[in-house]
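One structure follows; several queries about it will come next.
Note that the chains take the letters A, B, C and D in the order they are written out, and that residue 1 is the start of every chain.
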Amino acid sequence: MELQKFKHHIEIRIRTYHVDVQNIVHNAWYLFFIEDARIEYFRSVGMLLDEETFRTKSKFQIVRNTIDYSYPAFFDEVIQIFTRVAYVKNSSVGLEQVILEKKSQRLIVEGTGVAVYLDAKTNRPERLSEEMRTKVSAFEKDDVEFLQ
Amino acid sequence: MELQKFKHHIEIRIRTYHVDVQNIVHNAWYLFFIEDARIEYFRSVGMLLDEETFRTKSKFQIVRNTIDYSYPAFFDEVIQIFTRVAYVKNSSVGLEQVILEKKSQRLIVEGTGVAVYLDAKTNRPERLSEEMRTKVSAFEKDDVEFLQ
Amino acid sequence: MELQKFKHHIEIRIRTYHVDVQNIVHNAWYLFFIEDARIEYFRSVGMLLDEETFRTKSKFQIVRNTIDYSYPAFFDEVIQIFTRVAYVKNSSVGLEQVILEKKSQRLIVEGTGVAVYLDAKTNRPERLSEEMRTKVSAFEKDDVEFLQ
Amino acid sequence: MELQKFKHHIEIRIRTYHVDVQNIVHNAWYLFFIEDARIEYFRSVGMLLDEETFRTKSKFQIVRNTIDYSYPAFFDEVIQIFTRVAYVKNSSVGLEQVILEKKSQRLIVEGTGVAVYLDAKTNRPERLSEEMRTKVSAFEKDDVEFLQ
């Protein structure tokens, strides 16, 4: 992935309980880290994802995740989780994520995800609003594609 | 705690991700194991704790947990989590829990908890119904105290 | 995925804490469920993955996971996690996984994973032993490909 | 607990997956938050708890936790986890923790813990070094008791 396209990242420190019997961060924890990063990404973009929104307006459901693990992360390291929206379709967004170890800048994980936007009442996919498209576009500039 | 008073247990196998950087089960995971055991205990007693109940009738909220860690559990061991209701008050129940490693029967953890019964709409404590008292009494026999 | 090719599954009950703010199982938890299923799969095949093995002989490291989420799982449902080895390469195995809700048999998740076999001391990939190849072959019969 | 005695806190934002089927933070997650706070507390005090230390010098094992849950925390709230060492015995330290919701400053959780210091090789309790006693004393001033 092209790191220069990413405009947002958060940092998380690896805790004792992230590390498993093989003394590396367990593969599942990265999806929690990625979740944190996605929520903070959308906050930065200006899209509020709060309980009220989830219950009364729209849900945001992950329909696909892929993760490639390049190198383990270890206890007490600080990792940087980069997030961007690569494309927007009618009712879904395509996410890309890169995780680096902060100090060495070595590549830990590359991931992709697809999130579908659902009407909170019907649970049916709904078109991402013009407001959201405008906000993502303003944040990502030329690095996001609007496919539908 | 007096193990012979416990009439219910479940078993859980320790997984790679339960084990932390010190190669023992991390202290927080036991509260998840204990949660599993409590839910299954109440199922055996005949009290249905499902989503519908939580949303429309009554919530069950933990207001206190204590855990004493006697000896670590390790990867791939099977642990037994024993549960009993030691007492019932007006709107709360006192829980006791013991965790043993299955093969060696060594003591891993002893815990206590207090769960409060809340009206799902008002979030106010409500008296445990006669039906529930009868069920707990039938399951625990002489080993439970009704304090109010 | 072709469900009839899967010869192994485990069952897990969805717990209160697997469910997130959107009232569905959070996407990351499935990787923990899948981990449980993989460990049990290899136990059934006859490959011991214990702490001793990980520390002194060989590690098993996940280098890729993909998950497609078809339909949410909900609190207190029992899910079945099916696992198979689809292929064996020189030092890696390709895993496939399907998760169904037990009662309705509705499809929850399809996933794939690649695990690399590493020498525990050097952390370098090593060829899967003939013993392991024989065991996987005996378990999977015609449904596994040996690519190298 | 007397909040004015606490000289250290960290902040954590509540994530989608911390919230359970009852729409509040699940009771077990607080022990993970408390772990983060303890590690950071000791970093501030000047005691390095890293993998090398755990493996070759000393382990730090939790032998007791108590948690009183005053009020739930909800999705997207920021909580403050305060930590202090209340007392030091021969080979153990007594920890106190308070969790507040940041904005409203409402009390979420009060907890206590006991951590035992073990020799990494023998797993036997060892006396906390003079260096550590000096550091804790310098950090806590008059608010810590040295009992042995």
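Assume contacts are C-beta pairs under 8 Å (C-beta built on N, C-alpha and C of every residue); 3 or more make two chains touch, one makes a residue touch a chain.
Just so it is clear, the structure is predicted and the values come from calculations on it, not from any experiment.
S.K.: Any idea whether B-D or A-B has more C-beta pairs in contact?
M.R.: If we tally the contacting C-beta pairs, B-D comes out ahead.
S.K.: What's the chain with its C-alpha centre farthest out from subunit B?
M.R.: Max centre-to-centre separation from subunit B belongs to A.
S.K.: Using mean CA coordinates as chain centres, what's the subunit A-subunit D distance in Å?
M.R.: Here subunit A and subunit D have centroids separated by 30 Å.
S.K.: What whole-Å value do you get for the distance between subunit A and subunit B if each is reduced to the mean of its CA atoms?
M.R.: 35
S.K.: Please work out the Cα centroid separation of subunit B and subunit D, and write it as a whole number of Å.
M.R.: Computed value for the inter-centroid distance: 24 Å.
S.K.: Specify, in ascending order, the residues of subunit B that touch 2 or more different other chains.
M.R.: Each of 16-17, 21-23, 26, 28-29, 32, 35, 51, 75 in subunit B touches at least two other chains.
S.K.: Okay, in this complex, where on subunit B does subunit A touch?
M.R.: 16-17, 19-23, 26, 28-29, 75
S.K.: Along subunit B, where are the residues that touch subunit D in the complex?
M.R.: Listed in rising order, the residues of subunit B that touch subunit D are 21-22, 24, 26-29, 31-32, 34-35, 51, 54, 59-69, 72.
S.K.: Given the complex with subunit B, which residues does subunit C contribute to the contact?
M.R.: Within the complex, subunit C touches subunit B at residues 13, 15-17, 23, 32, 35-36, 39, 49-51, 74-76.
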